[in-house]
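Which chain is which? They are A, B and C, in the order written, and residues in each are numbered from 1.
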Amino acid sequence: MFDTSRPTRRQTGSSLRRKEARAGLIWVQWWFVGFLLFTLIPICAAIYLSFTSWQGIGAPQWIGIDNYVEILSGDPVFWKSLRVTALYTALALPSGLVLGFGLAMLMNQKLRGVTVFRTIYYLPSILSGVPVLILWMFVFNRDFGILNWMLDLVGIPAVPWLNSEFWVVPAITVTTLWGVGGSVIIYLAGLQGVPTELYEVATLDGAGWWRTLFTVTLPMMSPVVFFQLVLALIGSLQVFAQAYILTGGGPNYASYFMSLYIYNEAFIGLRLGYASALAVILFILILLVTAVVFGTSRFWVYYGDSVEGDES
Amino acid sequence: MTKSTLTPLGTTLLTRRTLLTAAAAGAVGVSLAACAPGGTSGTGTKTLKLWSDHSTEELAGIKQVVADFEKAQGGSIKVEILNIADGGQYYTKLKTAAVGNNLPDVFYVRTFDTAPFATKTWTRPIDDLIQRDSTEVVPDDFWAAQTAQFTYEDKVYALPYDFSNIGVYINKSMFEAEGIPLPDASWTWDDYYATAAKFVKKEGGKQTRWGTTLLTADWYMLGVFASNGGKVFSDDLTQCVINSSENVATLQAMLDAMEAGAAPLPNATPAGVDPFSGELAAMYIMGSFATTGVRASVDGKFDWDVAPLPNGSTGTRGVSCAGGGWSIAGSAGDVDASWELVKALASPAAQEILIVEPTRSVPGRQSSAEQWAEQAAASNEPPASIQIFVDQMKTDAIDVHYPTFWQDFQTIWGNQIGTLGAGGEPAAILANVQDETNKLIARS
Amino acid sequence: MTQLSEGTRVSRSAIRPARGRRSQRRSRTTTRLISYALLSIGAVAFIGPLLWMVTTSLKTKAEIFSYPITLLPAVPQWHHYVELFTAQPFLQYILNTLLYTVIGVIGSLVGSSCAAFAFARMRFRLRGPAFAVMMATVMIPSWVTLIPAYIMFSRIGWLDTYLPLLVPAFFAAPVNTFLLRQFFRSIPKEIEEAARIDGAGNLRFFFMILLPLSKSALLVIAIFSFVFYWNDFMGPLIYLTSQGKFPIQLGILNFVGENTQDYALMMAGATLAILPCVVLFFIAQRWFIQGIVITGVKG
């Protein structure tokens, strides 16, 4: 009877938008319920705890902002920890991006056996946990480890990797870079999604390899790079396992990342209020940094002609 | 309705049907995962939960003891064992459960945990139970030092499992090859370092042999400091007083040894890797719990034995000991049943199965320790002088109670001592340890 | 479909041919050779520790701790792999891990795709803030939410089950949602408009068109979720209290303790644990590439 296959004029415009908005809300409500329950409640509890002093028994004692005051004015370990975390992020983030992207570009060619390479580079990223870190202990051991053994073959004196305040963060960065394979896969997927005609046009235009990289590849890959950047940033600021198992935060707090500091305060010292306050501060920092990245994304992330123009 | 010109090519459509099937499968799976098997195996059977952090090998022994216990109880008590070998993970889980009020009935604790757990009522004092059943438990059979370590404010909180101390493993073949006499029980730290220096070997600028490995473990160092007259904690266990001239001297001696090449850096060897069995060091400071491991790694490559620790400037040895035991949770439902289990785990029969047989660490019972030493001697395997571990505990054990802030101290100590030999100065290290520890004490 | 950031200048391309044929081929071969060289060197560094793990699982205790380092075992101790199953209920662990992982992956796919769809294609007022809040939850260090979450789940009575870990999976992991949202946003608007003109509502568009087009992205999410759940041990560690429900990652922890350390068995367990992921990746790799190729729209 009615031809409903075409939207009537009345349905276009604002009322269509409203319908879409409602549909969107229903979709999202489902997610929101679960999110509220399982994620938001513990987070709110943690924020509440940050204003208390609680040793795990009895009830938490409200102490207002005392924890924050102590952290910011009376805790040199906090600042050291912050510095160390920032240093690690500054090292790991760019090197991870460059390495991952570079490897993806290398493997994006029609090389024979590229499948084997892909698997080799990807495998380490799916290994995790205690066995891997034990492996790294063997590798980095100053007197009996493989790395120094190899350096010795080339005549370089042994480096006290995990015992030197200077080398410990680079050493941990290496363990993180070993897992770069996951991002390589994502970059590969993105690279293969770049339309070949663009490359053809570039070649016709006389662009060399370098120019093509900057005018075709990178802009087309920018959403993927953005995604990886945000994730890597959030991950780097929360690095934990390597320091926990390999160094315990030392030497002299040179690898005492914020996550480790929070863990120690929470589970070793059972100073749960203080630990929560530390976590809130870390969270705010991560939020700020991520917001900056999101803010600048407008200038360098390129979504093509799809749904650009929408907010965030 | 006109057909969309954009039907996806070829491949499987994610139709509504497939999605619903997936959702159904998911729901079934989730409910399967939710179904908790187990629970009571019949009315009248009590189920006890036992948590420990031993490795698979030791766990086999524990399961044996538990099986015997269940049989002895005629099936009225069933025990569920949960084991997580990694110490760090074990404590994370234990503490989370404690804060969430979900502790198991019986769990493994170390002497380090007595004070912190007792103050939080996570463990239950068992003096009354020990008194009541003293003929069965024979409390005097336990090491006095260990009972003291399991005591907090005059109440006992656990029955022992094992009690370990540290000795010096000696590569006899290497000593003989170099013509150096084996150490005797009266040697001092100076003798020790001097001996170690004799083994240094360098080949073309790279060191290929060390005299000894140094151990910097926190609880072990308590004894070393004590042997040289230094204290680590105040007598009332409320402060850290580690920064004293005697302690600085002790650390300085270690640093000198490292700089002379007699010893490699601390923390240079990851847990379990020992340069001793690799014939890279003539001596190896390690615990009584390592004898089986060393035996397996050395595998007859060379002749070896153990020697007692050197004497300090006070003329005594300063042997620190630590160990583990079994506690009843403060929130345990059935205290009597839990107590039966604890008694069974700490009984001479259990000690036989768990520690004497495999000659692992030193048993928590003195009577079992005698058997342990006999067994080790009879087996004709190295180390021949394994008795010294038992003797040291009898004569030279230092009297120490681990304070409530012990784990904080451990973290700080580990952090600071790692710099020794990599630029850290003893005086600065000790000053830092003291200040930081006292700071955390004030914050708690 | 898209524009270069620099305009094309036709005249130039007409006048100057790109490069001589032969020099083109030569430079391509050089590039290939360099690529091979670089990739191979890197491959050694990347695969090295893995090979070490496998060889360690086959060594005797004496060989593991010997120095100079013995690279290969004299006699491969294959029986370690058999011992795995007798020392612990390893088969049970594998089944547990499988169940946990599969359900987790399904949950991730379902939850993330729905949420990503809403965030990417629908317009509603709270969209921006909601997305920001969701991303923000990733920024909280997990240690402080662990205890409140544990207490919450213990009150509900979900302890000693996988529920605290699986149910949240169905409610959109933020990272997966982010990835899918990016992907959905890059699908051209014309497709959606054409679908709407054909009368497709949101549901039809989602199931019949968007999801099939996003197969490669969904596959990526599936792989990453699989790896995440397969390797997850912190969650099971905290919530499980029955040894029989352990996943593999918790099981292999038990081989190395304070008094006895069996590194060989631990590495054998770790090797077994990584095998399914390897197999999965090998298989998925091909579909993955196929998927991208087939989605001709992007081409």
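Here is the rule we use: a contact is a pair of C-beta atoms (placed from the backbone, for glycine too) under 8 Å apart; a residue touches a chain by one contact, two chains touch by 3 or more.
Just so it is clear, the model here is predicted, and its values are computed rather than measured.
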Pair exhibiting more inter-chain C-beta contacts, B-C or A-C: A-C
Maximum centroid distance from subunit A, chain identifier (CA atoms): B
Inter-centroid spacing, subunit C versus subunit B (mean Cα positions, whole Å): 36
Whole-Å separation of chain centres (CA-atom averages), subunit A against subunit C: 14
Multi-partner residues of subunit C (at least 2 other chains): 67, 146-147, 151, 167, 170, 198-199, 253, 256, 263
Per-residue multi-chain contacts in subunit A, two or more chains: 5, 130, 134, 138, 144, 267, 272
Residue numbers of subunit B (touch at least two other chains): 1-2, 86, 92, 96, 99, 271, 273, 275, 278, 280
Footprint of subunit B on subunit C - complex, ascending: 60-62, 64-67, 87-88, 99-100, 102-103, 106-107, 110, 146-147, 150-151, 154, 158-163, 166-167, 170, 191, 194-195, 198-200, 207-209, 211-213, 215, 237-238, 241-244, 250, 253-263, 265, 294, 296
Subunit B residues within the subunit C interface of the complex: 1-2, 4-16, 19, 22-23, 25-26, 29-30, 32-34, 36-38, 49, 53-59, 80-87, 89, 92-93, 96-97, 99-102, 104, 271-275, 277-280, 289, 292-293, 296-299, 301, 360-361
Subunit B-facing residues of subunit A, complex: 5, 55-57, 70, 77, 130, 134, 137-138, 141-144, 152, 158, 160, 162-165, 244, 247-253, 256, 264, 267-272, 274
Residue numbers on subunit A that touch subunit C, as the complex places them: 4-7, 17, 20-25, 27-28, 30-35, 38-43, 45-46, 49, 103, 106-107, 109, 111, 115, 117-132, 134-136, 138-139, 144, 146, 149, 178, 181-182, 185-186, 189, 192-193, 195-196, 198, 201-206, 215-216, 219-220, 223-224, 226-227, 230-231, 234, 237-238, 258-259, 262-263, 266-267, 272, 275-276, 279, 282-283, 286-287, 290, 303-307, 310-312
List of subunit C residues in touch with subunit A within their complex: 1-2, 4-6, 8-9, 12-13, 16, 18, 31-32, 35-36, 38-39, 42-43, 45-50, 52-53, 67-69, 111, 114-115, 117-128, 130-132, 134-141, 143-149, 151-152, 167-168, 170-172, 175, 178-179, 182, 185-189, 196-199, 202, 216-217, 220, 223-224, 227, 230-231, 233, 249, 252-253, 256, 263, 266-267, 269-270, 274, 277-278, 281-282, 285, 288-289, 292-293, 298-299
